[in-house]
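Scroll down for the structure; my scribbles are underneath it.
Per-chain numbering from 1; labels A, B, C, D, E and F assigned in written order.
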Amino acid sequence: MYTDMPETELRAYRSGQVDPADFDAFWADTLAEADRYPLNAIATRVDCGLSTLDVFDVTFAGFAGQPIKAWLRLPAGTGAPLPTVVQFHGYGRGRGQAFENLLWASAGYAHFDMDLRGQGFSGSTGDTDDDAGSGPQVPGFMTRGIESRETYYYRRLFTDAVRAVAAARSLELVDSARVGVVGRSQGGGIALAVAGLVPDLAAVVARVPFLCDFPRASVITDALPYRELGQYLATNRLRATQVHDVLAYFDGVNFAKRATAAVTMTAALMDPICPPSTVFAAYNNYAGPKQITVWPYNGHEGGAWEDDALALRAFSERLA
Amino acid sequence: MYTDMPETELRAYRSGQVDPADFDAFWADTLAEADRYPLNAIATRVDCGLSTLDVFDVTFAGFAGQPIKAWLRLPAGTGAPLPTVVQFHGYGRGRGQAFENLLWASAGYAHFDMDLRGQGFSGSTGDTDDDAGSGPQVPGFMTRGIESRETYYYRRLFTDAVRAVAAARSLELVDSARVGVVGRSQGGGIALAVAGLVPDLAAVVARVPFLCDFPRASVITDALPYRELGQYLATNRLRATQVHDVLAYFDGVNFAKRATAAVTMTAALMDPICPPSTVFAAYNNYAGPKQITVWPYNGHEGGAWEDDALALRAFSERLA
Amino acid sequence: MYTDMPETELRAYRSGQVDPADFDAFWADTLAEADRYPLNAIATRVDCGLSTLDVFDVTFAGFAGQPIKAWLRLPAGTGAPLPTVVQFHGYGRGRGQAFENLLWASAGYAHFDMDLRGQGFSGSTGDTDDDAGSGPQVPGFMTRGIESRETYYYRRLFTDAVRAVAAARSLELVDSARVGVVGRSQGGGIALAVAGLVPDLAAVVARVPFLCDFPRASVITDALPYRELGQYLATNRLRATQVHDVLAYFDGVNFAKRATAAVTMTAALMDPICPPSTVFAAYNNYAGPKQITVWPYNGHEGGAWEDDALALRAFSERLA
Amino acid sequence: MYTDMPETELRAYRSGQVDPADFDAFWADTLAEADRYPLNAIATRVDCGLSTLDVFDVTFAGFAGQPIKAWLRLPAGTGAPLPTVVQFHGYGRGRGQAFENLLWASAGYAHFDMDLRGQGFSGSTGDTDDDAGSGPQVPGFMTRGIESRETYYYRRLFTDAVRAVAAARSLELVDSARVGVVGRSQGGGIALAVAGLVPDLAAVVARVPFLCDFPRASVITDALPYRELGQYLATNRLRATQVHDVLAYFDGVNFAKRATAAVTMTAALMDPICPPSTVFAAYNNYAGPKQITVWPYNGHEGGAWEDDALALRAFSERLA
Amino acid sequence: MYTDMPETELRAYRSGQVDPADFDAFWADTLAEADRYPLNAIATRVDCGLSTLDVFDVTFAGFAGQPIKAWLRLPAGTGAPLPTVVQFHGYGRGRGQAFENLLWASAGYAHFDMDLRGQGFSGSTGDTDDDAGSGPQVPGFMTRGIESRETYYYRRLFTDAVRAVAAARSLELVDSARVGVVGRSQGGGIALAVAGLVPDLAAVVARVPFLCDFPRASVITDALPYRELGQYLATNRLRATQVHDVLAYFDGVNFAKRATAAVTMTAALMDPICPPSTVFAAYNNYAGPKQITVWPYNGHEGGAWEDDALALRAFSERLA
Amino acid sequence: MYTDMPETELRAYRSGQVDPADFDAFWADTLAEADRYPLNAIATRVDCGLSTLDVFDVTFAGFAGQPIKAWLRLPAGTGAPLPTVVQFHGYGRGRGQAFENLLWASAGYAHFDMDLRGQGFSGSTGDTDDDAGSGPQVPGFMTRGIESRETYYYRRLFTDAVRAVAAARSLELVDSARVGVVGRSQGGGIALAVAGLVPDLAAVVARVPFLCDFPRASVITDALPYRELGQYLATNRLRATQVHDVLAYFDGVNFAKRATAAVTMTAALMDPICPPSTVFAAYNNYAGPKQITVWPYNGHEGGAWEDDALALRAFSERLA
């Protein structure tokens, strides 16, 4: 059943999220601070049993210079720089195995598949540590370090993601001028953040994105992972304002306002995990060229393979 | 938590399933009857946006000559016959999209990906009709036509699968001498059936297989799809013997007794859907060379990517 | 808790279902095609241990002339034609046992209790096959054959139901001029269909009817069986229009517009299975004399025995 | 799935329930005390729309002379005393409507359908008060008055039931020599209690009976209503011995040891509400002629209509 | 997620509950009738291992003179009358152990902790009988005796509570002029009832109160205990008006209209058990000085320790 | 229902957990390393509205010298050192508010109430950071840093707990010779760890302790938090041995073997969270004087207030 507003209201919904005055400064400082560490991207060929693709195990320096893992997959024997897809995963997932996730490279792209610090506990494995402590937190990542914008987990993760694009571009077989980003759910939220922070992407695909419109998301669904926020505030009753002040720096709505690359988005009207109004909050505020596909009968799986097809089409048009 | 016997008992468990005297005759007749229809396998190239692989849309004549769909995926530009993997899907799934399921072809095999008649309602789409009526049945496929062995759904499906191997072999780019079969859950059960009915397979991979040891499976789990059997018998209280008489002709335990190809199996000790004793019932009765990997902390996902790795290794050894 | 609109809005709700231009032609053709098979109703007395009632096992030719079962129950020793109640069952139920469902005959009516093709898996047994194949479908009956209006399951079932009235009328102890129909849930939906297709019924009782207002029903509830539609469209994302085009020919809202017999309906404000707005969609469009009872604190059980009492009263007034 | 021991162990299981030395004295005193109130059974004809049956609204004096309601249903126009079925209902049900529950009378018996004091909140209505207070109790009836055997709810209810048989026998159209009792679940437990307290019954039918083998029942299932006992003892941790001392006077196992009438019982191997070992505890201790039917694939619905058929057969043999 | 209206609508919501013309007369008569029994409050010192507090086991005569238990806790060695907090518990709880619930006495108040007749089955024990019978009822207390306002359970309980205040005042170490009442959930509902019936309280604290706005509460939540009402009316379909007529005499909304003492209330926007509109129904109608704290991210736990802090503050201001 | 072995088997069960050869060396090194940081316990009086107790906000240096918070509560005006209870909380809880948890101080003890690093998200708040990163982990604390015994979360937490005892003893109003520890669930597991690492405790109370017998606990329950281990191993299938090697250094079974102080334990036969066999694994291996109370009808709440009473009795006997 529908989990949110009817589509006509979705089209008009703008979100009540505020745009902090120093949002840009905060992120400029954050990225500048990270830039004190050289990217140092290293790619080592691995043999994982595939013959049509080459796969490389990549390490680069993310937030605070900490080592972040990734896979780089390319058509076997690639000799010249390729248009490239940088992918971010959903909540709980890691980069998985070298022989998984073969679509983008099989379609002819260099595929840079970034690991997520500390994640990789459900559906796929991860190989990257999250090297930071936290105050009392609800199990998961939504409230890790939420006591300040400086210590919040997603500050580290979004910085890793921005640097993943740079790390990819630093590699020989990647065509720097033709880089797109893609993600679903948390990965879609990261893609929006990167779209707001990296000025020269060729394409953005954000499928049923998470991490958008926290003020509304935290009160209209009981589904994880947004529920982690509610659970935190259920215990820390007096910190609601402080928490929402932090979250405003990490909201896809605010990144969307700053994005310029053409975006392809999807939303699902029966999605309880990323309710469609939170997706439209980002979409309606998105500053660049945009299109959105609405799946009326789907939950958080969204368009699934149809969303893959949409992404293939978008990359084919914009990265070619 | 563990859902079944401890591993030491699993290793010794043989199943109480009976071996009908005319089992071989029934299947010989069934396949002979189907053979009255020529296979007529037709493969048409499709463009689905992939550059490292070629994909063909295949149609062949299955049970009663009815048209069955499949995908054939191969490394792009394949010129000579390849070792081939024939794959069967899990319950509810269809062959899906041309650009899905890329592992086997990316690993250098011809990949024949058979559609399942009437299925394709969950997780992937299907394109094949099940052209037969049924008596009153529980929603699903487990009791469709269960009123007799002749009308039972899996008689048609297993026949389709046997003919899928033949159809694959009839294709130019398939090396008939080097054909393996693989499946998980229902697909694993189909793989065991094919292993019992097709004499000259090079390799069999049956991951957490379904459709094994019906007498025990129908009473030790409440999980779908085995529960469909229990639900049928809950209503049709007086038909238990008749139903189990039918099921004996479709039990992986009985196909395993007749199999000769080397098998790689997996079982998961926390699997409520295909409880490990039902898997070991087939494994312990398997007549060919065999090995099994036990995943102690997994449910029905079994080894997931580790099972892929096991299969890649098995095919690499036996189809090379 | 309430599952739908408040009652004042229910009273005004009309449904967005469309009325296909060739609706009448489709059904005229369908029934004419069925009429090529003679009804051939045969009633055989059975001994089921009752002394106050006589029970007959009936077979008649339904859609495509296929054999449909029914029970005919009458007060013992009935000598002259009686006013008659034709009953249709809820989803998943069959005609059950000869000695079940004794109310209508004990109240002095001839009771024609039609079996439902392929159903009878939950709550009562069935004895009638559904002799037709289907494309890929969600387990159940809601999407069986949904690829076209010609192949849709409910085309066969509604045709059976129309012919059940005719079959009842063909029997000696049935007074053709005084036939009413009754059903709850799916049975209520069938009763509305029959009311729209059979011009001369004396009374219609549709309790918390199912199969009404598909466009709304498919998006406002997660409960089975409507959820089967949503599940189908969740997988078959590109077929939503096509599916709704088919469903328009089977919607109680459209049958209601064509009905002339007096109807007694009930709706329950806490019903998640047949939400009250979908019931009112049919009621508000019903063209004949009508009354509806609203049960504010009930779920899909509706009025239960109070609905029986309402039906007894309706039949007593209109069939006497 | 099976909820209890395998059938071979069930056949041998005897229960650890103790047989209090003054069990017989307690019940003799209880019934004698009740007998100080005359039965005073009054039957008033009601018109409920049935033509094949006559229905009477009955009131008689139960425990402490309190008024207990019942229905008496008979074939219309009965002139001579009939063999009679006294029925007790399941937990939460009352006698319901006059026009419900027509099987026994339609089969030619006088049907005395006793209401249950204070019950009638689920599935059917009740019309009888339970006129007694209670100490702190878990919602429901299992712990009402459990602070002593004198105040326990089932002391009152079993006394009502014994007196229901007497009240039925006091009516003109009941043949006192041919009275059987029947019940399912709680009704089956009451039937066993009556079988242990009333010496001259012609037949007893106890379907998936409740209220048997409390020591085991209270620890092997989480299902209501047995869970009420566990919930009481979870709070009242220090009263476990005292509570079980009370329950021993109300356990079907102890009544079974004293029963002499032929019993027909049923048990279901997938029943979580009345696990089969608790049923067999009563059956294996039953002192009279006995037979039991085991339904392997059923939950608490047991044999449903097949159990009706078994009961019809039993009454036909023993009450004829 | 939010379970009810947004806060702006809550602030304006008034409830549709009616105010029976003889509400005051009914309660005046009820209390007068109870006053025929002397309070007879007896306090006996108990040793429960505490050294900073003295604890007394209290018995007083409640409704119909029946004995009601309570604890009186005070700072050890209290010599002069203290400001006093009378506490009422949530649904299902009793007064518990002497050494539990130490906050109010540790904060320097005399703490009169009233037991609830018949309750004490979950979370804490009780020691008080409910000495009254009932007609058929749903398990629990919401429908016990609901057949009339005279026999309804809450008539007895509210009378006990009014008399608890009087009993506390009759004790030597209680300062009659400085008595406040506090409760959460059911206890909050009782506190409101007492506030409407006892004219001279110094403070009232009603946290997420239950028993308010029955007409709305019974249709907007499926959570227990309000669901008991819905379940009763689901079975007793024809008694809805009669039941709501009874409930109007026990609704916190009507008590609030008559209250004069300053109240501190709390409501939680994610509370499914006492939805915030039902709390605001009482708050918006409250006739005395009032303040309310809204917890946006909490369920029925409300403010928990923050509500304790609010109550400490309220008592410190108003009882000092 | 029972969740584990019958009591007779529990009494004999020893656990298959191994005792690592360098267990003592590991912990000696760990504690020595921590001892490089002075304890530095600071207690600051807070006013929280209580009059019978004094409450101090305590900070001391835990693992790696990191600041750990605690409350110290004492009878108001305490002048001489008191026997002292050090308490550890259950999973997810923090030290909460100054005015919570008043039992031990009200009973005359100094009560040192330690906060848990990083916890405090459910049921009570926390004020202590966990200052360490982690590899990929399942949300929660069970697998944080589980990649090695050095980085495992519980190494830090158990070290904090050992130092909490030392910190308490360093305070003026604590009588060092009379210190007992108490905890339930996770707190009970910590109490056992402290009992194995601190040689001179006067009493240990471990109620339904968690963190015992990991090899069995990780496979016999699906309940959180043990399920975190299973979920980790479900994804990290190849690390089971490595994980269990780490856990052996943190298992209550191994601490119990080294404990000398008299212990009071409790276990609950219906506890799915800390199944009783895992509790008995520790109890049966406990080297000091010991007694255990078994609650047959309780889940993880165990004895609740009865366990409080047991603890009061134990402290009264051993700390007096």
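One rule holds in what follows: contacts are C-beta pairs under 8 Å (C-beta built on N, C-alpha and C of every residue); 3 or more make two chains touch, one makes a residue touch a chain.
Bear in mind that the values here come from a model prediction, so they are computed numbers and not experimental data.
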item: Joint neighbours of subunit F and subunit E, given as chain labels; value: A, D
item: Neighbouring chains shared between subunit D and subunit F, ordered by label; value: B, E
item: Cα superposition of subunit C on its sequence copy subunit F - rotation in ° rounded to nearest 5; value: 180
item: Which of C-E and A-F has more C-beta pairs touching across its chains; value: A-F
item: Pair from C-D, D-F or A-C with over half of its contact pairs in common with E-F; value: C-D
item: Separation of mean Cα positions, subunit D and subunit B [Å, integer]; value: 50
item: Mean-CA-position distance for subunit C and subunit B (Å); value: 39
item: For subunit A paired with subunit B, centre-to-centre distance based on mean C-alpha positions, whole Å; value: 37
item: Numbers and ranges of subunit C residues touching at least 2 other chains; value: 124-125
item: Residues of subunit F that touch subunit A when the two form their complex; value: 94, 118-141, 143, 231-232, 235-236
item: Sites on subunit A touched by subunit E in the complex; value: 218-222, 230, 233-234, 237-238, 240
item: Complex interface listing, subunit A residues touching subunit C; value: 1-2, 269-270, 295-299, 301, 303, 306
item: Contacting residues of subunit B [partner subunit A, same complex]; value: 49-53, 75-76, 96-97, 99-100, 102-103, 105-108, 124-125, 305, 308-309, 312, 316
